[in-house]
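Each of the two complexes below includes chain A, the first together with chain B, the second together with chain C.
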Partner chain A sequence: MITLSDLSAKGGSPVTWPMGLFLLGLATAPFWLAPIGLYQYLGIEIAIWILFAMGFNLLFGYMGLHSFGHGAYLGVGAYAFGLFQLHVGTSLWGGLLAAVLAATVAGAVVGLFLSHRRGIYFALLTIGFGQVFWFSAIKLHSVTGGEDGLLGIPRPPLELGFASVDLNDNAAFYWFVAALVALVVPLLWRLVNAPFGRVLQAIRQNELRARFIGYEVWRFKWATFTISAATAGLAGGLFAMAQESAYPDVMSLHQSGLIVMMVLVGGGLVSFWGPVLGVILYFIARDVLGGLTETWLLWYGLMFVVMVMVRPEGLAGLFHVLRPGKGRA
Partner chain B sequence: MLNLVPHLVNGLTLGLLFALIALGFTLIVGVMEVINLAHGSLFALGAYFALSTIGGDWFAGTGFGVWWQGLPLWTRYVLALAIGPILAGAAGMVLEFCLRPAYGKAPLYGLLLTFGAALVIEELIRLGWGTGEQHLEVPQAINGAFFMGGLIFSKYKFFAAGFAILAILAVWLLLERTPYGAVIKAGAHDSEMVRALGYDLATLRLLVFGLGAALAGLAGVVMVPIWGLRPHVGIDVVIPAFLIIAIGGVGSFWGAVLASLLVGLAVGVTGAYAPAWATMSMYILLILILGLRARGLLGRKSALES
Partner chain C sequence: MTLFAAEAIHKRFGARVVLENISLGFERDRVHGIMGPNGAGKTTCFNVLTGRHAPDRGRITFDGRDITGLAPQRIARLGIARSFQIMNLFDDTLVIENVLLALPAFRGRRTSVLGKVFEDAGLTDAALAVLDLVGLADRAWEKAAALPYGDRRALEIAVALAAEPRILFLDEPTSGLGAEATQGLARLLDRLRQRYTIVIIEHDMRFLFGLADRISVIHWGQVIAEGTPAELMADKWVKRSALGEVA
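Here is the complex of A and B:
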């Protein structure tokens, strides 16, 4: 099968046709979402989860570390944002900064435990830590509000100095989220196409060899885990704004598993853009299949099983098959 | 000290039940090097099949159904104890067919496939048996409570723990004292040599997976009267099974049993002082032990690490 490292290395500028297409889609979404039968809020959800999924794929696709507890950092970000608004003060940037910082710290601490582990023990430990966060969120009632979570989190206005934008309007909030996504995604693109990204792939292919060449593998694992947790934290802060609440459910094993499914179905193993496709497909499936049948997860799950059996490269893998000669080892 | 005794006893019985859950899981991990995330769903499936066996739902309204529901509860319970695991084992065999493309690839594929399968099985359960909480009846003889040394204990928990001990011994005898066990273990160690010696590896894997799934189903039938039966019970079950395999060391039989008892005791004793945090103690134990010993208590090197 094709893997990420079979794709040609791209240095230099992140101005490529998929990036252009992605930004174009992001910028024009509000104009065509409603005409094709979808709605504005779905655009917000998809944009937030794209952020989460792309940060996650740094770890999952590029480094080959299979975290099954990544929802925890989204949750930590969401709670941090909510607690900041409720206890410190109503501030957009303050809340988002708190979300990113909290998730970064959580990721950095957990990363210390994880960075010397490999394969299945890594996966099991991420599940363990994910459950610790989830369980704490449920049990620390006085801080997190227990199973109900934090309710009534405000969406603070965006202060631009000369003007103040009310983000309670979903259209305005979409633009804000889209702007952040348009900022972070090229940064991630730059990161994975820099020497750093090549080292990540080298570690995935052969950790021992990477170590012999002289890379301190655990530092790369730790850094990647922390960066990916920080991205999840930002997504979490935005998620708390979108939902106007933060609740333990996003940290559950189920949710953490769903993000793995999205990234894999989209083709995160073979393409930087895989997670985008996967997230879009998941949310469309949820809304379209979910409108038709109560048991849409059954069909989504079956599709996933068949996909892993027949075409583990995911949707993005199909594109590479359709363009033979490019990206084949 | 004395008031800790019931908690220790509870912890030990819980540990034995955890061992029963982990048994099929460790068998599949050890022999096939597949982390079966659908283990909990097979557990639930076994319990639901047992529920239908006891209730006679499938034949309700027919003459056979009426005759069936007229049978004494213990007869139906004993039959459910056999039929539930057998059907769960059959479901496991279907799953093994789906897993075949994943052999020889990265362990991730087995993990993902079984995760998808878990989702599918859970949704099928919702379709077939509804979403509400259900109750599995047990015969009068093993129901209720008894007193010992002035303390009250549940009869069923002791029955379940005894059953777990029997199952552990049976699996150990199969693996260590029969020629089949030798082939199974050899298959885990060096599958190429086993094939060269003329054993049919595909059938071996099918049977081992079926056995592992049947053990999951058996654990389901035995556990569910204690834990309650709901469609997502699988996820509550697969997590302890995971932790136990990680703590005990992947592929180690006695490691898994030892880890189960440790986890059970940790939960039982924490339950004595801070009931709300009882479940949390498992995760703390996992992080502590894996922090100190990378491969768990008795783990050996495994293909799953790469």
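Here is the complex of A and C:
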């Protein structure tokens, strides 16, 4: 058996080789993306979705709570960023803070309804709430711009005191997103290996026993839901910058399903790094398969089906088998 | 002195009455045995006493405090620990982590999001000490799922012990154990009795009679006899129901 716990049994040192490889990839991407036939903007998309996927996997993989409506919090973040720019003022940090706060609040409120549910009831409620957000985005025309969404969201410059960096340049914007990813991902790694994260995993393994050794299970579910919504909000804010717009599709069920597929295909159920692999694979498939055939999503979907059937541990499962990793902290 | 008392407990599932007017009292620092045939309602009784199911009627008190209907996690935090007849472990993790998670001091660190799980050597040592008590110290860093059956039973008890309980409920700890492992467990419980108030469900009569100060016999959801092992030996009802089943 390979499990999430395999990886972290060693105590969660932040300097593991996958972490090193990940940060190295993040830091060098601009130099090899173009030479291998890809482009800068793809790096931005991948980095943003990695944020979204890793926060999502905290809930999906580590806590074992299957949310199928998580696009909602990506969308809330995107809209909050846009609304801040359009109504409050052009500010990078203000907008991102608004994105994270709005998604945190949305997640915290929805989480209150969800944290006493499990299994299919939990999943159905996440879809229900997801639809509520999506529907609101379409119908609250005066606020959200309806089906068109918010257009012309600016990318505010990054003020460093001594200099101002124009993020309209995709190369600069990539560095900014990459820096945030390089900050958040190690934090998530620490979190899953800290007592809090270990309790989450204990609850996933045996909720009954967790209660009988004194843990208030619903609070952990609520906190995890909220944290994953907050991360989605940050990703959403960046997504609004990337797209220079926010629109209902961002929080559609389609989007929510995509993140589930990415995380599963990558191996989020067995590895912290699964979501990274899943996101990269998806975008490569989109661009490479998409260049060959218009039906690429069909092929991706079929690949997902095959993956779930023959290798439910996902891509990361392949690596696990090769790695003998054993031993104590 | 009575540490834990259940008065007139009733519990039914749908139309099926499983516990009917059960009253039990457990004295501090004693070993209290519960026996009875399969399906008598013993496990359900533990489930009601430890908060898994709320009783339909009746009152449960612990150290003078009414705990009727409290959630299991709240009951657990009062110092009431239990093991399960069907094993309930954290299988995807290390043996030591099963125990660590149950330590009250670790629970105190539950909101730590940046600390490391094994960084507190004091806690790790405390977990190792509990494992040592049940003879599992040298398997501490193995996967829980990889333990052989007998060791998993021991771990089940260790998790309950880790909670530093003021009263310990053990549901059929010998079930599935061979003769040798059962004897080992008897020796362990003999040591634990110096430190804990223990309530133990057991179908192995010889095991229970050698261990318990008092025994209650449950049949058809009722307490049909109660007394010291010697008194029960002489009771004709016990011979017919519980003893008859096992013999």
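Operating definition for what follows: the second predicted complex is superposed on the first by the 318 of 329 C-alpha atoms of A that agree within 3 Å, B and C clash if a C-alpha of one lies under 4 Å from a C-alpha of the other, contacts with A are read in each partner's own complex, and residues count from 1 in each chain.
Convention: a residue touches a chain if its C-beta (ideal position, glycine included) is under 8 Å from a C-beta of that chain, and two chains touch if they have at least 3 such contacts.
Everything quoted here is computed from the prediction, not taken from an experiment.
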| item | value |
| --- | --- |
| Which of chain B and chain C A:205 touches, first, second, both or neither | second |
| First (chain B), second (chain C), both or neither touched by A:214 | second |
| First (chain B), second (chain C), both or neither touched by A:25 | neither |
| Contacts of A:193 with chain B and chain C, given as first, second, both or neither | second |
| Residue ranges of chain C in contact with chain A within the complex | 50, 52, 71-73, 76-77, 81-82, 84, 88-94, 97, 101-102, 104, 106-107, 109-119, 141, 143, 145, 159, 162-163 |
| Residues of chain A touching chain B in the complex | 66, 113, 116-121, 123-125, 127-129, 131-132, 135-136, 139, 253-254, 257, 260-261, 264, 295, 297-298, 300-302, 304-305, 308-310, 312 |
| Chain B residues touching chain A - in the complex, by the definition given at the top | 35, 98, 101-102, 105, 107-109, 111-113, 115-117, 119-120, 123-124, 126-127, 235, 239, 242-243, 245-246, 250, 276-277, 279-280, 283-284, 286-287, 290-291, 294-296, 302, 304-306 |
| Partner chain C, residues of chain A touching it in the complex | 1, 3-5, 8-9, 11-12, 187, 190-191, 193-199, 201-202, 205-206, 208-217, 327-329 |
